[in-house]
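Okay, got some structures for you below.
Presented sequentially are two complexes of subunit A, the first with subunit B as partner and the second with subunit C.
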Partner chain A sequence: MLLKGVLKKRSLWLSVILLIILLALPPVIPRYYTYIMTLIFVTALLAMSLNMVVGHGGLFQFHHGVFYGVGAYAFALTLVKAKLPVWFCFAVSPIVAAMFGFLIGWFCVRLTKLYFGMLQISLGTLLWAICFRWYDLTGGDDGIHGIAVPSFLSSTTNAYYFVLLFFVLCLVVMYMIFKSPFGMTLQALRDNPERCSAVGINVKRHQLMGIVIATFFAGVAGALFVILERSVFPELLFWVLSLEIFIMCLLGGWFTFAGPVIGAAITVALRTFVGAFTEYWTLILGCLLIFLIFFLPEGVMGFLEQKFGAKRS
Partner chain B sequence: MVYDFSALMSQFVVGLSRSMILFVVTAGLSFVLGVLRVPNIAHGSLYMIGAFSAFSITKLVPGAWGFWLALLIAPLVVALVSFVAERALFCHLYQREHLMLLLFTFALSLIIGDLVKLTWGAEYKSIMAPTVFDGSVRIFGSSIPKYSVFLLIIGPLVAVGLWLFTNKTKLGKIARAAAVDREMVGAVGINVSWVFAFAFVLGCLLAGLGGALVAPTISITLGMDHNLIIEAFLIVIIGGLGNMWGAMVGSLIFGLTQSFGVLFWPQFAIVFPYTAVVIVLLLRPKGILKSVW
Partner chain C sequence: MLRVEKVTKSFDKFLAVNGADLAVEKGQLVAVIGPNGAGNTTLFNLITGIFSPDRGRIVFKGEDISELPTHEICRRGIARSFQIANVFHRLTVFKNVQVAVFSQQRKSTSLFRPAQRMAVEETNRILESVGLLEKADRLAGSLSHGDHRILEIAIALGNEPQMLILDEPTAGMSPEETSSTMGLIKRLAETHGLTILFCEHDMDVVFNTAQSIMVMHYGQTIIQGKPEDVKNNMEVQDAYLGGADA
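Coming up: the complex of A and B.
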C-alpha cells in the first residue's frame, strides 16, 4: 500500500513537471515543431480513446477511426454549412461521434471477437462510402478544405495551447474513468467475461457504455484535428487509419494507461522525420512493428513498467 | 426509369465475373483462416504482387503467350514470397492471439506495399488480355465480353479443384484435420509445421492467381491491396470462416449487389454490398454456411 502511494505521488510529480515543460515549449522551439507537437496530442488522444475499449475493455474495436472522422466532419459541417458558433460546434461534435458510437456499438455488441470487429468494419465502411460519395454535403473524395476557425485559434501557438488544454482535460477524465468502478468492471470483462456475467454484471451494456465513452473522446480528437489542420477528408474514416491507431496502442503498450501516447508520438515522429527524407517510411514502421511483436509484445511502456516494477519489488 | 432485360442481363454477368475473381482470392484467404487461423491482411498485398508480376511477365514476353505465361508464373512468384515469409516469420507466431497476428500481417502488408512501390514504381499499369478475348459473345440478346466468360469458367474450375484437393487427397485431408485439431494431427506423427507451410503457400498462390486474373480488367495501382482486403475479409466472414463454398456464396453476394447497385444508384453503388454484409451478419452472425472455427 505504502509503495503504491509513493508510486502515485511520484508519477503525479512527473506529470506536473512534464506539463510545465510542455507549457514552456512553444516560445522556445520552431513553429514547425509546435505544429508537430500539437498533432501528437491530437493523435495521442485518439489512440488513448481506442485503448479504453481495446486494451482495457478487450473489444475488437477495428474501426475506431470512423468516430474520429465523424467528429471531424460534424465539427466541419456545423461550422461551414450550418454556420453555427464555434463553441457550439466544438461541443456538439463529440456528442455526434458518441451517438454514432452508440448506434454502431448497439449492433456490434451482439457479436464477439473477430465477428464484432468485422461487423464494425462493414458498418464503418458504409459511413466512409457515404462521406466519399455525397459530394453535395461532404465534398466527396476532395473533402472540405480551408475551414475558417476563429481568429484566436489561427496562430500555431494558440492552437497548441488550446489542444493541450483539451488533451490534458480529457486525459484527467479518462484516468478517472479508468480508476472508477466502471473502468475496473471493463477490465474485469476483458479478463473473464463469463465470470463477470455470472456475478450479475450486464456484459453487453457495459461494453456498449465503454464504446460510447471511447467514441466521445475520439470525437473530441476529431474536432481538435480540424482546428489544427482546417480540413477534413474521407481518409479519416478509412480502415487503414483505424489500424494505424491500433498500431499506436501496440507500440506504446496495451495494458498501460499512458502507453498509447508514446505509441502516437513514435508514429507521428516517424511519419514526419523519416517521411521527410524517404517516401518509404511505412516500410520502416512495418519493420519496427515486426520487431516489437517478436521481442516486446507488451509495448514500450509495458516493457518499461515491467522493468522498473521488478526493480521496486 | 426503365431497365430492359439485356441491360439487367449484362450487369448480372459483369457482377458474376467480378464475383469469380473475388472468389479465387477469398478462397485462398478462407483456406488460410480455416487451417492456420491466421487473419492474413497481407493476402491483399500478395494479390497486388500477383497483378504486378503479371504486368512484368507480359512486358518480357509480348504477344498472346505472355498472358498465359503470366497466369502460370505470377501465382508461383507469390507462392515463393509467401513461402519465405512463412518460414522466416509466420511459423514462429502461430501460438499468438488473433489480434497480434492481425497486426503482424498488417505490418507485413505495409512492408510489401513499400517494396512493390520500390520495385515497380508508383505509376498506373495496365495489361491487355490476349486477342482471343477481343470482342464479345451474345447471350440472351446482350453482349458479354469474352474475358468475362473466361472468368466464369475459371471460377468454378478453381472451386472444383480446391474441393477435390481438400476432400480427395491425403494432404488435403490432413490439412482439414489440422484445422480442427492441430495437436491431434501432430500426435499421430505428422509434421504439422510443414502442413501449415503448405496450406499457407497454397492459399497465397490463389491470391496471386486472383491478381493475375484481375490484371487485364483494371488498372494496376498501389493501394489495390487495401481496396480488396476488407472486401475479402467480409466475404469470408459472411460465407462462414474456412468454408470454401461459403467464400463462393459471399463472393456472389458481394459481386452481384455491387453490380446491380451500379445499375440502380450509381453514386452510392459502393454502399450496397456493405449493407448486404451488415444484414447477413445481423441475421446469421456466424456466416451463411458452417464455419470450421
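Coming up: the complex of A and C.
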C-alpha cells in the first residue's frame, strides 16, 4: 500500500489499536456517548481540514466554517429539494464545497496574511447572509430539519460506524497529501512564501490548490454532520463556528498532523459536559487557552511529540 | 547571457536604481559592489522579478524577462540566495533543498506519492557538494548563521540553475567562514559550469574572486570591467574605494 514506509511502525500500531477500540465502543458505551463520539469525528475532520491550510499552509483561513456549512446545505438541499439519490448527494456536496472554496479562494489568494483573512470573513459572511435570508431555498434562520436519511443510517450506532469509516478514510488521504511533495511544498510556503517563489513555485496557485483540497474535506464533514443531526441551520456558516475550529487547531497543535483531532475532542467534550452545567462553558475554554499559550505553545499534540520524541513532520 | 539595460526603479520618488547597466557572460563570476544602499539588492530583486523595473530592460538568454513573475524567472534558470537568511525554518535541512528539487522536477503539485522517497539522490548530492550532508536531519531553524548561508546556496542549487545570484553570500561570517564559502562558490562555478553574479562588501573577496566587477553608486553604474581596470578607475576610487567604506 502507498502508506507503507511513510507511517512509522510505532505510529501505525498505535493507530490500529486506537481504531479497534473505536470500533468496539458503541455496544459498550451509552447511546448518548456514541452520539458525542460521532460529533467529535465530524468536528475533528472539519478541524483537520482547516489545519491543512492554517497549520501546514500558513494561510489566514478565518472563515473555514462556511465551507462546512456549504457542504451541509448542499447535501441537505440535493436530498430534500432535488430528491436525488443519497449517495449522489453525499458525493456531490464536498465537490460543491470545493467549488465555493475555489471561488472564494481565487479572490483571497490575491491578498496576503491579515487581508486574506478579512476578505474571507467578508465573502463568507455574505454566504451566511444568503443562507439566512433565502427562505424559499434554505429555510432561512429556521434551517431545514427532519432530513430523511436512509434507514441503515437511522440508528446512532450505524451513523457512528458510517461517520467513523469516512473519517478514517479522509484522514488517510489527508495524511498522504501531508506527506506528499505538495504537502511539503505547502509547509515550505507557510515558512517562507517569498523564498518559495524564488525556487520556482507559483505561490498563489499552490495556495489556491490547498484551499480547494481543504474545503473539499470541510464539505465531507458538512455532509457527515447532516447524516448525524438530520438538520441544517445558518449557524453552520456563522463566523463563531469558524473561530471555534480555529481554536481547536491551536489547542491541539497546528504544526502536527493529528493535533486538531485532540483539539476538537477537547472542545466538543467541554461544550457537552461543562455546557450542561453552565452556558458560560466558553469561560473554561478561554482559561484553557490562556494556560495553553503559556505552557504548551505548540499545542497538546506538539507537546506530546516533543515529550515522546516522535520526529516532527 | 544576462544583460541589464538602463534599468530604473524608484520607491516613493526615491531612485533606488537609476539607469543601471550590467552584462554577465556565460561561465563568468561577476561581482556588484557599491556602498550600502547603492542599490545592489534592489538590482538583484529586479533581475529575479520581485520588482519589475520602471524603465529599462532585463534580457536573459535573448528573452526579455523584466515583466515576468519570480517563479517564471526561476524556471528560466536563474536561482538566487538572499542577503538575510531566508530558509524554511520548520523543515529539516534535507527538506529545504528537496522542496526546490521538487519544484525543478515539476513535482510540487504531486499529491499522493510519498515525498520522502522522491528526489532523495539529487538532494543528497547537493547537500554533499556544499558540505551539509551530516546536518541533513536538523531543523533549518537550528543551524548556525554560517550554515544558514550555505543552506541558502544549497536551496538555490536545487533548481539546477544556469545562473546563480548571491546577495552578500558571506555577510556576517568570520574570516575563515568567508574564505571557505568563497572557495565553495568558486568550486561550484567550475564543477557545475555555473554563471554567478554576487554582491559583496569585502573588497579582498571581490578582487580575488570576480572576473568582472560592476560598481554601483547612488543606483547608477559607474563602471563594469576587469578587476584591474576597476581598481585603476579614478571615479571608483573617489566614490568608493578611497571612502570610509573600504
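Just so we're on the same page, the second predicted complex is superposed on the first by the 302 of 313 C-alpha atoms of A that agree within 3 Å, B and C clash if a C-alpha of one lies under 4 Å from a C-alpha of the other, contacts with A are read in each partner's own complex, and residues count from 1 in each chain.
One rule holds for everything that comes next: a contact is a pair of C-beta atoms (placed from the backbone, for glycine too) under 8 Å apart; a residue touches a chain by one contact, two chains touch by 3 or more.
Predicted model only: the values in this text are computed from it and were never measured.
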item	value
Partner chain(s) touched by A:Ser180 [first = subunit B, second = subunit C, both, neither]	second
First, second, both or neither for A:Tyr161, with subunit B first and subunit C second	neither
First (subunit B), second (subunit C), both or neither touched by A:Leu119	first
Partner chain in contact with A:Val199 - subunit B first, subunit C second, else both or neither	second
Contacts of A:Asp191 with subunit B and subunit C, given as first, second, both or neither	second
Touched partner set for A:Phe255, first subunit B, second subunit C, both or neither	second
In the complex, subunit B residues that touch subunit A	39, 41, 89, 92-93, 96, 98-100, 103-104, 106-111, 113-115, 117-118, 226, 230, 233-234, 237, 241, 267-268, 270-271, 274-275, 277-278, 281-282, 285-286
Residues of subunit A touching subunit B in the complex	60, 107, 110-111, 113-115, 118-119, 121-123, 125-126, 129-130, 132-133, 238-240, 243, 246-247, 250, 279-280, 282-283, 285-287, 289-290, 293-294, 297
Partner subunit C, residues of subunit A touching it in the complex	2, 5-6, 176-177, 179-185, 187-188, 190-192, 194-203, 206, 209, 213, 255, 312-313
Parts of subunit C lying in touch with subunit A, wherever the complex brings them together	48, 50, 69-71, 74-75, 79-80, 82, 86-91, 95-96, 98-100, 102-104, 107-118, 139, 155-156, 158-159
